[in-house]
Structure formats: C-alpha cells, structure tokens
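Presented sequentially are two complexes of subunit A, the first with subunit B as partner and the second with subunit C.
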Partner chain A sequence: MTVFKNYFKIAKSFLPTILIYTLIFMSITTITSTSGANQQDYQASRSKVAFINHDCSSPLLDSFQNYLEDHADFVKLNDTQDELLDALFFRKVDFIMIVPAHFTVDFLKGKDVHIETMDVPDSYSSIYAKNLFNEFFNTAHLYLQADIDEKVMLQQIESDLQSHVDVELTNQSSNHQLSQVKQFYNFANYTLLAIIISVMSMIMLSFHNENIQLRHLSSALSYRQINIQLLLGNIVFTLAIWLLYVMISFILYHQTMFSITGLLFMVNSLIFSIFILIFAFFITTLTNNREIVGMVSTVFSLGSSFIAGAFVPQELLSSFVLSIAQFTPSYWFISNNNLIAQISEYNLSSLQPIFLQMGVILAFAFLFYILLQIVFYLKLKR
Partner chain B sequence: MQIFKYQLKLLVRDRSMLFWTILFPLILATFFNLAFAKLSRTESFEVSHVAIVEEKVNLSFKTVLNALSQGDEPILSVQYTSIQQAKDLLKNNDIDGYILVNDELKLIIRDNGISQTILQSVMDNYQHKEKTMQSISLLKPQAIKDIVVQQNQDYFKSQKLSSLDVTVIYFYTLIGMTCLYGGFWGLKITNFTEANLSRQATRLQIAPTSKLKASLTGDLAAFICQYIAIVILLLYLYFGLGIGFGKQIGYILLMSAIGSYVGIVIGHLIGRLFHCQENTKTTILSSFSLFCSFLSGMMVVDLKYLIQEYVPILAYINPVNLITDGLYALYYYPTYERFFLNLTILCFIGFILTVFNILIARRKVYDSL
Partner chain C sequence: MKNVIEINHLTKCYGDVKALDDFHLEVKEGEILGLLGPNGSGKSTCIHTILSLLSFDEGDIRIFNQEMSPSAYSIKAKIGVVFQDVAVFDELNVVENIDYFCGLYIKDKKIRQQYIKEAIELVGLEEFKKFKPKQLSGGLLRRLNIACGIAHKPSLIFLDEPTVAVDPQSRNHILEGIKKLNEQGATIVYTTHYMEEVEQLCHEIVIMDKGRVIARGTNDELKNKISLGEKITIVLNQKEEELISLLKADQQVISIQKENLTLHIAYQGKGNHLADLIDVLRESNIQYQTLFSERPTLNDVFLELTGKQLRD
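Here is the complex of A and B:
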C-alpha cells in the first residue's frame, strides 16, 4: 500500500489549500441554505407590504393597518428614498404604500383620493395587494354613501371583511425545512464538484510528474495495482468530503435528516459523489496541466450548477436550457432532489422514478469509467 | 519603454491568464443569461384559471366572474364544467382550482400558491360585498336604494419606477469579479518585479532602472490588459446579451477602471504578503474574489441585500460589492449620490492598498539570490 499511503502524504502537504477550499465552499452553502432567503419561495401567498403614513393617525387608517396586518406580511421600513427603493428592488417588500397628508379627511368627505404606491409593475404580488387593499376602501365607500357613522362603519368593515370562503386543499403541502434541505443538497452540485475535482486533481497531478511516473512503472508494483491504490485513495477522500457534507446537513436540519427523506437525500448525493470521483479521475488522467484542470473544474461546476438548477430552481429555467442540462448528471441529481422533497408516501411506484434517476447518474459514472479505461489503455500503449 | 514592452509581452503570452480574465467571465455571463432568461418573467401576472361547478345558479356571482374575466386586464379565465371534469382538470394542473357554487361558495385547490390566493380573494371579495349590503340594509334600510355599487374603484396610484429587473445584479457582480481578476495580472507583475520571485525580476533588479519605473510600467501593462478584458466583457454584456446598464456609459467605464486598478493592487498585495508557491497565491486570489462576489449576490442575490441591511460594514469594504452597488445605483436610482459614494470608497480602498504596497516594497534589497 505504498502508493495509497503516499497519496495521503501528498494530501497532507496540500492541507492549507484543501482547508481553504472546503471552508469557503461549505460556508457558502451554509449561508445560502440557512439565510432563509431561498428563491424558491415564489409561492408566498401573502404579499409583503410596507406602510408609510404622511397623514396623521386616524381611526380609519388605524383600522386599515389592522386589516393589513391580518392579510399581508408587514415589513417595517424607514421613510427614506434609498431604503424604500432597495427593499423593492430586492423584493423584500412587494408593495409600498405612501399615504398622503389629509388623506383621511378627504376620503371621509368623499373626495377622489389616492394612496401612492411603489410596486413591481404587472406583478402578481402588486395586483393581488391592490385588489385586497382596495376592498377595504371600497367597502368603506359603500358605508359612507349610506351615511353611516364613522365608528360604526369601521366596526362593520372589520366584521364584514373577516369572513373567508371555504377552501379545501387536496394536497397537503410539505414543511418548510424540507425546501431548505433540498436547497442545501441542490447546492451540493456546485460545492462537491468544485471541492472534489480541484483537490483531487492537485494530489493526482503530483503523481503525474514524469519522473515519478517512470519510477512507478519500473517498480515491482503492476500498473494496475498502482491505479487501484490511487483509486482507493480517491475513494477515501471523496467519501470524507461527502461525509462532511452530510454531517453539516445533519447539524443544520436534524429534524428532516432523520427520516426516510433524509436517507434518500444522502443516497442520492453519495451516488452523485461517485460520479464526481470518476469524472475527476478522468480529467486528471487526460491532462497534466494544472491550469487546464482548474479551468475545467470551475467551468463545469459553475456551468452545470447554473443550467441544471442548483442556483435557480429548475421550474424557473426555460425548457431549452433544461434540455441542454440533461446531458449533465447534475440535471438528474437535482431533479432527483426535487422529487425526493415532493414525495409524500413511500411505496414502489413513488420511489421508482427516484431510483431510475439515480440509475441515470450511475450510467454517467459508468460511461466515464469506460472512457477512463480507454485513456489508460492508450497512455500505456504509448 | 523597453521594459514596458517586455512586461506587456510577458503578460499576453500567458495563455491561462487570458482564459481567466477574458474568456471565463464571458462564459459565466453566457451561463447567467441561460439561467436567468426566464426568471424575470415568472413574476409577471398571468390570469388564474378556474373551473366553475354550478350546483345552484347564482346570477350575481356570475356577473362578478364575467366582469373579472373580461375587459382590458382580466384576472380570471373561467370555464363552466361538471364536477368530474373539474376534478380531472385540477389533477392535471390545467386549472388552479375550481369553485363549487351552492348556497355557499367553496374553493377546491391542490397547492397553495399565488393564483389560488387570487381566486380566494375574488370570492372573499364577493362575499364581503354581499355582507356589507346586508349590514347596510339592516342599519339604514332607507339608504340602500341610493347606493351605487361601482365595480371596484382603485384607490392606489403607482409611482412610475424605472426597470426593476433584479437579474442585472448577477451581471454586475460578474463585472465586479472580473475587476478583481485583475489581481491575476497584478500577481504576475509582482513576480516579474520582485527579485526573489522570478529570474526575470532578478535580472530586472540588477539592471540600472529605478524600481519605481519598473513597477509603474508593470502596472501600466497590467492595467491595459485588464481594461481590455473588462471592455470586452462590457461589450459582450451590452450588445451580445442585451443587459440593461442605464445610459451613463462614461461613469460605467470610470467605475470599472477604478475597479480594475483595485484588483491589480490586491494582486500585488497577495503576491508580496504571502510567502508561498505561486499556485497557492493564485488559489488565494481566486477564492478571495469568488467569496467577495458571493457576498455581493453572485449566487444568491438576496445576500447582497441582507448584508447591506445587517452588516453594512462588510458591504462597504468588499470591492466587488462596491462595484456592483455602484452600477446598480446608476441603473436604478434617479440620483448619482449613491454611485459616487461607492466610487469614493473604492478609490479610498485603492489608495490605502497602494500605500501598503509601497511600504512593503520600498527599499527592499537582497544580498544574494
């Protein structure tokens, strides 16, 4: 096992770089998935609204504010142009209302008044919010026409608007943590690819030094033996990185991870790691140039993450992009994660597509394994 | 002049440098474009599809539905079906939900979502109005005939805002990152001028040229290479991918020039500060610029906002974020204050780092190499 031992000796000498890489990527992943700001929450069915009052506070506006708090998520913002603009641009808020001075008085007099808003034009959230909030004033307007006292009116509005239509949900939707775990594992496409390929190539290329290779070939060990030991070293290393990743997911999301869903996420990422292992091995046998390996690893990890949906959810990608992405195992890995997160009961028919997609990833791994053997063969022949 | 020429030659000859500073940003930009093409469109409003199952005829509700599904800006697309059809449609996701019309209204949906919420709010709206009319007829029966029930009046007036496309941030961070990649050139120049780092530098140091001259020409060469890379990227983004930049081309060029300078100086600093292999220095530099870009929202755009909100100091010392924020301010803000604030801080950072560099590099002599 000399080669195997040597592998880790070299790994040790690269320790600072390995640590930097691991630390940076792991922190990127952790920050992303825990910041709660994951982009998948387009489903939010409550608008985020901010309310800036330039009028003095009045019973009408107070009760309007109560109504807002019941029907939308309230975001507190300071009344500065910068803060309002920023919050809107980054969608921290969907709908900003600026109540002009004398609004209450004018409204009660039945004048034609308007609340100024800042919103994303033609977006769901702004149309929805507008509908919802107009209802309050429209109802008030009805009462005003009937000449009903303000106090009674506000009570009436409150009770009128409280009722809701019966809604029946046929599909019980999943918990919130699950989508975070999914995000965490989807991100693995980037993190695992980047760490494993770049570190593994650093170690492997040290073995590709011409003198060392000649020395190896002239040693008592067969070429096959050497390669098997190198592969073993790579396997141990890949498993270690994968384990680290899984461990972090357990620390962050133990509730979800201790379940069949969690197990499926683990298996799926393990299978993907196997692919990365073989892929990295393949790249490093193909070339001796560190810089080329660096380019391939960066371009492949970032590129596949973008087009296969690690950063932007798959349902938001165009079908053209996705059809390109299908040529990368990343696509199957990520769409499998999405499936796993959706699954509600565990039986053969629901698990079958998941296993099928795992099979596709393994097929990719196998394909590169064959290519690897061909390259070995050609190299040896030379 | 001769030194300048050679240094420029040395820089341009390095293939992998050319890849990282010129080609790589272009590739990334293409990926961004592929990934985000649909993203900005998903927000825009589409009508909610709903099936109506009438178990009992409710004319006034029908009128409301008609009003909402016609006109300039329809909110609903309505079809009348049997209960079985409706269930099938819902199963296939052809509709967002269906409404059972009986004495009471009932909405049946599969998942929660914004379309479903709109359906619900339409129905609530109807129910509320009915209730209001009831209460009024109880409170003031004589007034009820005077009331004109208008279709919803709009009490809100939108301010006209310029474009709100959040995906431009990704491209701005890319520009920021490319500026920092100028560090690769800076690193190279350090290698060419610090006598203990390369043979060329050793030769250069014993030649009768002043150190100032050597490093200035080096910087100039690096800056030219870097700036060409940036301009290529900007051209590609603007003409190739059609990214919006606002109209202030001059300011954008100024920003990226200063950004490039800061990038180069950071490269110098890493080259001089760390005593390790060149490879490791490159790793440090690329990890550093990647992390800065990440913090400016390159992977997750919300992060930029979160940092600005909770750790503003981090936003102000991160050069990538300063560049991103400056371009964003140009694109989105009506005034230039914020742009110039970013620009000033960036200049300041550049200045501090330059002073640092000079302090480290000056009066360095070697006994023997």
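Here is the complex of A and C:
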C-alpha cells in the first residue's frame, strides 16, 4: 500500500487548506445560527421608499401616502435620473414611485394609467414596498369599478387595509434548529465541493506529474495496482471530509441530527460527496495543468453554489437562474435539503421526491463516471 | 561476461521520422556503458523504448535474458532509472521521497530504511534529509533525483543525462556516486552529450547519431578508429612562412589552421609528433611562445565520423 500511504502523506500538506475552509465554514454557520436564535415574536419590517409626485395634491394620493407612512419610511430625493439610480445602487432607498401629471383625474376616470416604479432587484424590502403599493391601488381599482364616490372609496380602502393578521411563532426552537441544519448542509455544498475538488485534484496532479508517471511505469508495481491504490485514497479522503462535516453537524445540532431527518441530511450529503469524488477524478484525468484545475475547482464550487442556492435561499433566486442551476448537482442537493427540512411525516409519498432527487445526483455521478472512462480510454490509446 | 541487455534491429518511428533506426546494443554485466550523442540523436528514446515506456515498430529487446514488455515486472524490479527531468514530489521531504520510490520495489520497512540511509550517503544529502525539493539547489535536486532512482539497489541502472545543468561540485559528487554503484556490482547505462563524463566514467562507449549506432568501443578504441593521431598548437613570435612550408611537406600532417600567430596542426597516426616538431623548430631556429599537444577527443571522433560537432 505504498501509493495509498503516500497519498495521505501528500494530503497532510493540504491540512491548512482544509482547516481554513472548515474554520470559515464554522464561523459563518455559528454567526447565522446565533442570528435570530432568540427571536420570539414576529414584526413586519419597514421599507425605505421615495415618493415623487408630478401630479397635484389629491385626497387619493394623500390617502396613499398616509397608508405608506404606516408601513414604510419616506426618503426625500431630487427628481433627477442620476440621483434616483444612485439612491437605489447605494441602497438609500428600496422603492421609488413617480406619479405622472393628471394621474388622480385619469385614475378616477378609470383610464389605464401607471405610476412609474423603480426598485432594488431581488430585495426583500423592495418586494415588500411593491406589495404595499399594489395592495392600495388594486383595492382602489376594485372600489372604482363599483362606481363608489371618491370620499367613500378612500374610507373603505383605509378600513380594508387596516385589517391585519397576528403572527405567532409556534414550536420555534425545533423549527429554528431544523432551519439551521438545512442552512448548514446547504452551505456545506460549497465547502465540500471546494475542499474535495481542490485538495483531491492537487494530490492527483502530483501523482499525474509526467516524470513521476515515468517512474511509476518503470517500477515493479503495476499501473493497475497504482491506480487502485489512488482510487482507494480518493475514496477514503472524500469519506473523511464528509465525516468531518457530519461530525460538526452532530456537535452543533445533535437534537436534530439524532433523528430520521438528520439521517436523511447525512445520506443526501454522502451521495453528493460521491458525485464530487467522481467529478474531481474526472477533472484531473482531463488535464495535468494546475492552473486549469484550480480555475475549474473555484468556478464550479463557487458558481454552482451561488446559482443553486447555497448562499441565497432558492426561493429568492429567479426562475431563470434556477432553471440553469438544475444542470448542476448542487441544485438537487440543496433542493433535497430544503425538502428534508420541510418533511413532517415519514411515509413513501413524502420520501419519494427526496429519493428521486438523490437519484438525480447519482445520475450526475454516473454521467461523469462514463465521461471519465471515455477520457481514460482515449488517453490510454494515445 | 554475459549480456544484461541485448537489442536487435530496433526501429522506432514518429510518423516519417526514424528516432531509432535498426539499432543494436549489447550491454555486458558489470560495465558502465556510455551512450554518447548530440541532442536529438535518439538516446532518451532508446532508454524509454528499452524500459517499455514507448512502443516500437520492429526489433526485439531482451533484459536479463528475458523479453522486455510493459508487464515484465520481474525485470523491472531489478532496474533503476534516473530520468533526465527531476521526478520527485514537491510535498515530501528528501527522506520521504526516497522512501516512497524505494517502496515501489522494497516492501520490508527495515531493509528500506537501511537502503534510504545508504542512498542518502551515496549522493551526499545527509545534511538535507528534512528539506523539501523546493528548498534544494539545482545540483542537490539532481542528487535527490538519483537517490530516488537507485535507492532500491538495482542491478541495472539507466541514467539519462543526470548531470544536465548541474554545478561542478554536484557533478563530481554524482559521477563519484555512479562509480561507487558500479563497484558495488551494478551495470550502468549512462547517456549524455558531455564527452568528458563519458571519457572519465565509461568502460565502453556507443556513439549515436540519427537513431543509429555509428561507433562502439573503449575510449582508446574509438580514438584509434579515426585518422587523427595528435593535435599540436603552437604560438609563434612572428610569422614564419618557412615553418608552414616545412609542415606542408610532412606526410603525417593532415591539416594546418592559422589564427594570427597561432598554428593548429593535425597529425595522423601514432608517433611522437611533438618531439619531431621541436626538432624542426630548433633546426630552423624558429622562436615560439607556447607549444602544446593534445590527444584526439571523442568530439574529434564524432566530427570525423559524422562531419558534425557533438554539441551542434
């Protein structure tokens, strides 16, 4: 087992890399775990909005401004395109409304008129402000169709929009930890990818060095034996990294991890690690260039983590981004974590989609295994 | 002495280019055989083909009286190779590197430790045991490369230009090490384009050009194969046309080259040409500053056989 032992001697030199990734990972998880941990009640947030009126003052617009004031903070801006765009870019404001001239008159006449809006893309606050805006004018539009007097209409809108629902957080503690475990494993998507691909590929590149290959080929050990020992080294290394992260999750979230949900998180991450193992092996078979491997490792781990929802929840990503992300195993891994976190009953119908998504990750692994065999065959032939 | 390597009619082509052309080679047990040739003459291809690292088109290769093939592991177990390019792991230190490559041949840890110690002593890396390759100078790195190739005490060693870009101190260390390995019983095939090394080290020399063996023999045998017997250089005090006329009349003189007051005179055959020339100078009362004689070098042999310099 000379080659196998040597694999881990070389892996030892990458210990600082593994530790740095793990420390960063743990710091981020600890920060995200503590934030909101003591939150016991629900409170609606307030958005920063700018209201630019080219129309004259009217009861309709006054009523709208009063309504907004209850839920948002007004920011005064000069009506120049540059200032408005800068305010959005620097997040001085989340949502801007520009009321055109004669808006009130035209609106009350039932004409098709629009208030121009500008917002910060994909921001919670801007979506919330947009909801407030839509809520008011959709309600107004509804009463307008009923042919009601303006004054009565505004009173009706005011009373309608004043009604609210009390939100109470129940079973907060266990839900919070489940959400943390989900976040932990979603973020582990990045660290598992980054550590396994970068370290494993660097070790493999050392062995694939052309001159070292010549030494191996002229040695008393068969090429097959050397490759088997290398493969074994890769498998043990991948399992060790996976186990490290599973152990951390057990230490941090033992309450959730000692459950079927925890087991599902573990199995899901194990399957994902198998994919990473094959993918990393594939990259190093493809090229011996350290720069290229480093680039692929960074681009793939960071890129797929970004678009698949490791850093930002999938719910907040656009459908376009998610449709691209579906071509990466990360998407299915994270999507599965989200499903596992939502599961309340363990039966065939609730587990089926989870197993199906695990199957998709395995299919990706199989695809890269086939590609690996093709590249290996072509290289051997050459 | 029996042959350790026998190669017959070996031909290796890269497209239309013949890297080895009907190549023949026999290496006797216990000898140091030098493969001498300019860059691109086929020396490295020859070694790679012998080791089955490259396929070949025609011919046969036998090592230790067995046919060599990529899966001839019993033969490979007795061979050590030191390649032209340094092949070590940057992540491992000197001892770990030697241990790994030795471990590809020797399973017993105790024996291996003894072998590693001996290899380190042989190449003189005792003070650098814990150094990583990047901390070593070019010469020390070459020494480590050699230690990795020979630590398992092979009975046949291939050294492919092991002293390229090495400082004189390391070069001497390496050459002394090779002599010691040979004294311990190893048969050595040594490729280089440095003729001085071959002259200093090898019992037998094979001169290669364009993938063919163009001459073979000991240092003296090769030099005797050419017409050039002695080269004399004389630096005169003033131009002496009379001397040139006298030299031209001498049947033993092959050529005379003039460079200002310096004359390079090439004599054919054996004989004491220097003494004869001193007599001529005295009789003709010709004054000179310097006078010295040289035996032909392997470069002269190569030049006469191919019309090219070894380092062209």
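Some points to look at:
We adopt the following convention: the second predicted complex is superposed on the first by the 216 of 382 C-alpha atoms of A that agree within 3 Å, B and C clash if a C-alpha of one lies under 4 Å from a C-alpha of the other, contacts with A are read in each partner's own complex, and residues count from 1 in each chain.
Here, a residue touches a chain if its C-beta (ideal position, glycine included) is under 8 Å from a C-beta of that chain, and two chains touch if they have at least 3 such contacts.
Computed from a prediction, not measured in an experiment: that's the story for all the values here.
Within the superposed three-chain model, A:Asn78 lies out of touch with both subunit B and subunit C [touch as defined at top].
Look at A:His164: by the touch rule set out above, it reaches subunit B but stays clear of subunit C. Contact with neither subunit B nor subunit C is seen for A:Ser57 once the two complexes are overlaid on the shared chain.
Touch criterion met: A:Ser206 reaches subunit C, while subunit B stays clear of it. Legend: residue contacts after superposition of the two complexes on their common chain; A:Thr139 is shown touching subunit B, with no touch to subunit C. Looking at the shared chain after the overlay, A:Glu116 reaches subunit B, while subunit C stays out of its contact range. By the document's definition of touching, of the two partners only subunit B reaches A:Phe311; subunit C does not.
Residue contacts after overlaying the shared chain place A:Leu214 against subunit C, while subunit B stays out of touching range. When the two complexes are superposed, the chain touching more residues of subunit A, out of subunit B and subunit C, is B. Put simply, subunit C touches subunit A in their complex at residues 48, 51-53, 70-71, 73, 76-77, 79, 81, 83, 85-92, 96, 100-101, 103-105, 148-149.
Within the complex formed with subunit A, the residues of subunit B that make contact are 16, 19-20, 24, 27-28, 31-32, 34-39, 42-46, 75, 90, 104-118, 120-125, 127-129, 131-133, 135-136, 139-140, 143-144, 146-150, 152-159, 161, 164, 166, 279-280, 283-284, 287, 290-291, 294, 299-306, 308, 328, 332-333, 338. Interface residues of subunit A, counted against subunit C in their complex, comprise 2, 5-6, 9-10, 13, 206, 209-212, 214-222.
The part of subunit A that touches subunit B in the complex is made up of residues 16-17, 20-21, 24, 28, 31-32, 35, 37-39, 42-46, 82, 85-92, 97, 113-128, 130-135, 137-139, 141-143, 145-148, 152, 156-157, 159-161, 163-171, 173, 190, 290-292, 294-295, 298-299, 302-303, 306-307, 311-312, 316-318, 321, 324.
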